[in-house]
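See below for the structure under consideration.
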């Protein structure tokens, strides 16, 4: 589980059927206070939070969790956006996202 | 499984319902003797240990384990705080936390 | 889940029987906009997307997902090609693949 | 699965009940021939091999395996010591541990 | 799933009973075309491919897969050798192993 910024969208027409009606986002882990990017962008499935490019989100990177969120036990999915971050408090500093 | 320091809290109102009543902590792995940080902060769910910012904790980073701790087989959760560290002994040195 | 380029094929005659009729591809994660390679090539099973060397693909790296795609719960498989990427939009730039 | 040296013990009184009667070891992956440390120390549960600080051990880092070793399907455990290494042979060299 | 070279054997007498009759190999991931080593050696269980030191092999690093290959749902195993590589084709070059 990590905090990430949505940095783009991915489209593909030929893909496994259980992915056909899902939005695929590019997300990149960030340090939640400095918003500094950490590592490379990965793909994540969006399930109804309304997240889009620029959103700061909670990402779940485990297959069982991702399939549970999508209510599809057979979907070939590992990474899902499960929430939108409002604020982070650390070391006396508060970072608010809108 | 690793030893980490709690470094902050994360809040979000729009998130998967199984996360609604859970505390989300930012934790960062540490070298348990030197307390030197190792790597980036990740999110972890707190289940009742009372851990908060500054606590040195046992973190479990596997979905099946985390869901078992929370007694919710469908929760989209991978990382959970499962204990609070009292002390570490290594190479004849004892490090005590309070 | 990540975006990758197919960079080769792997052949082996002595292998676990559930892999006998599967195509094994070498895939390398890329930054989807710059196409810069990220990390080392790994093996992935192809399930019917028609992907081959040069294709830009969606890769799923989780065992339960990969077995579900192949409809074989006992197959020793972790990584599978689950789609072909048409385009990526990020930071106002559009990258189209053909 | 990797070869590691036991480098310490971890104690905590407030922890998930399924961990209460388990020994928690700090283990650090090593190159089995040079004994050079690889990466950071992680926590592992000991199940009856008698391993302690200084032991060279076989470590299993997967939740299903670790829970099976401990015969507790609900334990929040990912990493377990599953054996003690006697010797390693590589490139014509033999390294024996005692 | 990755391509690796077998670089050694590991022996231990005190280990979990489900590992007692299994061969434990040390394998190191390689770039399949250059044979350049990638990262550290890990342990893998051999299931009947006949692989030994010097063999170029297909390695599966996921618990469910490894247990399925060994037909032992309770074995504490994550990494298994599931095939022997004959050749790799990439970028117009063919690399054959014997």
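In order of appearance the chains are A, B, C, D and E, and numbering begins at 1 in each one.
Basically, contacts are C-beta pairs under 8 Å (C-beta built on N, C-alpha and C of every residue); 3 or more make two chains touch, one makes a residue touch a chain.
Everything quoted here is computed from the prediction, not taken from an experiment.
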Smallest count of steps, each to a touching chain, taking chain A to chain D: 2
Shortest path length from chain D to chain E (each step joins two touching chains): 1
Magnitude of the superposing rotation for chain A and chain C (Cα, nearest 5°): 70
Homomeric contact chain B-chain D: same or different residue positions, threshold half: different
Centre distance in Å when chain A and chain B are each reduced to the mean of their C-alpha atoms: 20
Centroid spacing, where centroids are CA-atom means, of chain B and chain E in whole angstrom: 33
Multi-chain contact sites of chain E, meaning residues that touch two or more partners: 62-64
Chain ring listed from chain A, with chain B in second place: A, B, D, E, C
List of chain A residues in touch with chain B within their complex: 1-3, 29, 31-33, 38, 47, 49-50, 58, 60-66, 68-69, 80, 82-91
Residue ranges of chain B touching chain A (in the complex, touch as defined): 7-16, 19, 24, 26, 40-45, 53, 62-64, 67, 74-79
